[in-house]
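By written order: A, B, C, D and E. Residues from 1 in each chain.
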Amino acid sequence: MTAPATTWRSAIWTDNAAAVGLLGLCPLLAVSHSLVNALGLAIATIIVLTGSNMVIAAVRNLIPSSARLPAYMLVIAGFTTIVVLLLQAFAFDLYQRIALFIQIIVTNCVILARAERVASRVGVIAAGVDGMKTGLGFAVVLIALGITREIIGHGTLLADMDLVFGQLVVGWRVDVFDGGVLVAALPPGAFILFGLLLAARNAMIRG
Amino acid sequence: MARTVSSRSTPEIMRIVAIALCPGIVTSAWVFGEGVLLNVAVAACLGIGCEAALLRLRDQPVAPTLIDGSALVTSLLIALALPPSTHPLLIAFAVGGALGLGKHVYGGLGANPFNPAMVGYALLLVSFPAQLAAWPQFEGGVDQVTGATALETFKHRGGATVSDIWTAANGFGRYGVDGFESINAAILVGGIGLVAMRIIDWRIPAGVLGTVTLLAAVTYDGGSSASLGSPAFHLTSGAIMLCAFFIATDPVTCPTDARGRWLFGALVGALIFTLRSYANYPDGVAFAVLIANAATPLINRLEYRRVVAQ
Amino acid sequence: MSNDGALATAWRLGLIASVVVAAVMGVTQFTAPAIAANERSALIAQLAQLTGMEPTAMDVPARLTTGFVLCSTGQAVAVERESAPGYGGVIELIIARDAQMVRGVRVVSHTETPGIGDVIDRDRTPWIEQFAGLAIATPDAWRIDAVTGATITTRAVVAAVARHASTAATMAPPRCDP
Amino acid sequence: MFDVFLLLISAVLVNNLVLVQFLGLCPFVGVTQRSDDAISMGLATAFVMTMGAAVSYVLYTFVLVPLEMASLKLIVFIFVIASLVSLVEIAIRHVSPVLHQVLGIYLPLITTNCAVLGVILIGMRDDLDFAHTVLYAVGAAAGFTLVMAIFAGLRDRLAEQRIPAAFRGAPIVLVTAGILSLAFMGFQGLGA
Amino acid sequence: MNRAINDFVGGLCIEEHKDHRHLPSEHAPLPQLLTLCLSHRGSALQSLVSPSTAVLGGTPIADGDVMLHAPTSGTVEIIDGRWIHLRPDGEDRHAEPFPALDAHVSADLLLNRIHSCGVVGLGGGGYSCADKMQQARAANARTLIVNAVECEPWVTADEVLLREHTDDVLRGVDSLARLLDDPKIVLAIDPRNSAVDRLAHATTSRHGIELLAVPARYPAGSERQLTQIVTGTRLPAGARPLDVGAVVINVATAYAVHRAIQQGEPLTRRLISVTGPGITHPRNVWVPIGYPVDHLLAHCNGGTNATVRMGGPVTGASATSDAAVDKTTYALSIVGPPARIDPCIHCGQCDAVCPEGLSVDALHFHADRRDLAAVDRLHLFDCIECGACDLACPSAIPLLAQFRRLRIALAERADAEVRAEHARTRFERQQRRQSRDRAEEEQRRIKRIEAGRPWLAQ
């Protein structure tokens, strides 16, 4: 069986689930006011996506087709819970900043869609790779929006990166300019800047 | 078809609105000094430049659209809403936000659901609230010490009574001489001119001012420190007249028929009163108008009807 | 679907559910100590910041009540809640003080204007650290400047802390319970 | 009484689920093309949200915590929501076929609407008691339905042909949502 | 003269531009060629003549819903199924007229005469006068409204006709009244009309004609609005004056009825205004039916077909290059250069003036997107094509022209369905279409939503 041909390019650029389908918007907009939060959520999402995709692929023959959705949801919820616990254990400060939206990964429609469309039909490795690709597409959008909002909203870049990467990167913070344009860090800014990023992407695709 | 009656064209209407703002601008300059004129000049230049740039970006013909004058109205309203001598970069931010995000992303004149000037102003207010609180201490108009405007004092009145606020606050001369009262009076004059020329529908200012007056009267308790302000206080402070006659009346973003306009005016009035009395930002005008704009399509839809009995 | 089918489905679903639940519970067991430790050390770090002391895990009670006395190396510090009427609503404060002075103040929650009133938020500016070390007996002599543009917010906080301090000054000093 | 009012104002306007808390955005941008769809979706969600918050509260407080299985809460809540959705669907079908026609097709969608789960988790995070949890859910649901209706109205103008090509579709929807969110910033401080 | 106590909703005051009302009517010289159309209000007429036949003026040359007569003597040159070209011989000889009918003939005879003289509504509608009166009799109409309002700016043909032939018009009205059972007769007129004095004088000596001054607001002359002014009842959507017992007749029609009955003369010419802002000397000219527009413009020193509208400057539609005057052409209006068009600013002026209470700006918005379903929902078909919205629009948007194009598009779509489904009543068809659309849309919607991602179907 051939894996549905999701190329890296399509997952990240042309058919990006977040950018094109506007799926999983909530966590995307909510945690993107700084790069560190965005990164944290991106990594968590990739782990859940890849993990649940692989598990579902592994047990796909065991899952009765009439009870597909509950089974997928079980696996996804289990994986999310595990990531939540691990974050609490090993990256507590980061977890505290994005707790709500880490938990809400459970309902991310992209994950369910990948389970249904890909993981239930292909092997473990292929499913894992697909989860990575999709997750990376999501991560790219998160990071782009995180960078934009952090620079414009706070005037900084890479602030508080130690929450993800530990003491190593404490000095990474760059002060781009003083103050920042507050609205970018507030809810309206999330919507508007994501809209502008998508418009820029559209303009680039159109050439 | 060719015009067979001498009704006014849209560019003429825009120009008249700009002219009707002049009494307000002049009085404001008289009260707050030439910083107001600086605002106006900067905003007007930026507005026209920005409109031209955006039109070019959209591959639209620049010259014919530029003379429709709507960008000028937008810029003037922003200039009047800002404290005197606001930094040109801040004005540029507001004007750019207004014309870019408020108007041209939707396709330019007539296509925008939200009042562009208020979009620009709200973006600026939320981003740089401190800078927008910098109204000059008003006595003499020259000394550039900032002080709380009446609405801010009102917002956090502590033990002050309404009349304390009135006499103590910056820019309040209590009926007449100076300050926000005279600016509001001058704007009222321009606004009544627009009503008389039938450029704006009287129902909108009537709805706004009527509702504010009504709510203020109902909740007025003689002016104690817990009062939400007397009708006269609300009608003479902040951007109330500008809103009632020039902002809420933007034809593009308000409902199109009489009943809808009453409703819209009342909604704006009720929101202004509520936000002034209970919310954080001192003058709720921009937010009130934006929220009411959001409700406009729903109000219009109520009116998609035939008057005729079917 | 036949009964058999339904039953089989239920079984398999049950199996998957058990495995997932088992996995989660396993990870819970595995991470529980670390999480508990994290929660505690976060709390301790916060208290250390607030009080300027270095409390050890043993000094901090397991469950915090709204007002309690923190004892560390023999020093007793009262940690209490206070609220101030700010510009946009109530500002919830937490104040630490000992017998003589204010040890520290932090804002727990507020609804002040973003960009103006949030100077009181330690994450934004260090303004609120000025309270550390002020004598509770003489609030009138405190020299804390209001922040331009946020006069109301900052005055409200200063007033609330001062009121709290002067009340506290008249009460018995915090003592370490035996 | 007054604090009930304040809690509702806060949940409906000041901390609006969609525009301020960023929850329920998928239906907000996805099911607002037509007004009646938007309002039906809003109402269906409101129902599940309120019920879900109540049931989850009970399960969490009286089952999971005593059994020391709090870490299973996500799994449990998701199944509470999914079962509720099914139950509601069956119930509505029996009680009122008309209502079922209106709401029926939206119900399955609600399972992946993060707003429902979000409301449950927020109630838990803020340590609300049962009554306040339910009240908060009612307010949040009302706020959700309100902005669904408003946004559905606004979308008519988003079909304007003059919108620059790069902004058509998602970007203009997001910019508009942003301005609406900006407008709702005005409620900051209300009821505090 | 009485002032109307009732009014219609909407509408607006406009500048009249009617200075030429005081000039006497003129006669246009015979042209080289008359072009007579073989279709009337969309239904075909059967030609009664063969090619190259010589005919006298007044000879019937086509028959169908209405009859068509040769305006002058000459040769019928080409018949290509759609047009009759009549080349006048210049002698203007006429066939023997019908005998005059006296006051006591039967209603059937009167109706017959009106029909065989080819009298149609000259107020712009062109509906067969005999048919209209027949229906009015059947419905036992009690009010006869004579429409002398002429509310279009720049147009004065009815006014001049009324002033110059006051008594003949009133005689025509008498004849029409005889067809009804002692109706109330109301002559509705703009009080500024220069024929008012003569009329006042003429009607004092008669009984039973009320002279009624209507509000000087456009479009008071439109029959639905006029009926409301006269009877006080606002017509529901789709209703005609007859539904409230009124029949509306234009003054020129009344005059043609008089000529048909008392003179026995078929309708072969009419008085029209050649007028508009684009011409220096507006005037009123008697022209034979079929007069080529370009020829008439040359005669009156004004404009070209490109700048002329068939009808008044407000409601007239652009003329084609080979257009000719027909029975419903009450004016040729030469318009000025087109105004600058700005985008719709949703000012609502058009909604305020629309006499039918339509949400005009919403119609325009959906029309721009060619959303046919939406414009149908917004009652495009209740638009009376008065152009009040055009007059009010500050952005000078040609709303009426857009609505006309759209109506044609909608009608064509409906036509296609008629052909497909054969003859069924329009009502039934619509009913079924609507419910089917609803069901299909529901199906599609359910599919979309069940796909789990309705939002992808942008």
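As a convention for this text, a residue touches a chain if its C-beta (ideal position, glycine included) is under 8 Å from a C-beta of that chain, and two chains touch if they have at least 3 such contacts.
Computed from a predicted model, the values in this text were never measured in an experiment.
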| item | value |
| --- | --- |
| For chain A and chain E, chains touching each | B, D |
| Contact-richer chain pair (by C-beta pairs counted) among C-D and B-E | B-E |
| Inter-centroid spacing, chain C versus chain B (mean Cα positions, whole Å) | 42 |
| Centroid spacing, where centroids are CA-atom means, of chain A and chain C in whole angstrom | 30 |
| Centre distance in Å when chain C and chain E are each reduced to the mean of their C-alpha atoms | 82 |
| Touching two or more other chains - residues of chain D | 26, 29-30, 71-72, 75, 156, 161-162, 164, 167, 169-172, 175, 178-179, 182, 185, 188-189 |
| Contacts with 2+ other chains: residues of chain E | 343, 452-453, 455-456 |
| Sites on chain B at which at least two other chains make contact | 101, 105, 108, 111, 123, 126-129, 279-281 |
| In the complex, chain A residues that touch chain B | 181-184, 186, 188, 192, 199 |
| List of chain E residues in touch with chain B within their complex | 9, 12, 14-15, 17, 153-154, 234-237, 277, 309, 313-314, 335-340, 342-348, 351-352, 356-359, 361-362, 378-379, 382, 387, 390-396, 398, 400-401 |
| Interface residues, chain A side, partner chain C - complex | 59, 62-64, 66-67, 70-71, 74-75, 77-78, 81-82, 85-86, 88-90, 92-93, 96, 182, 186 |
| Chain B partner contacts - residues on chain C that touch it in the complex | 87-88, 111-116, 148-152 |
| Residue ranges of chain D touching chain C (in the complex, touch as defined) | 69, 71-72, 75, 188-189, 192 |
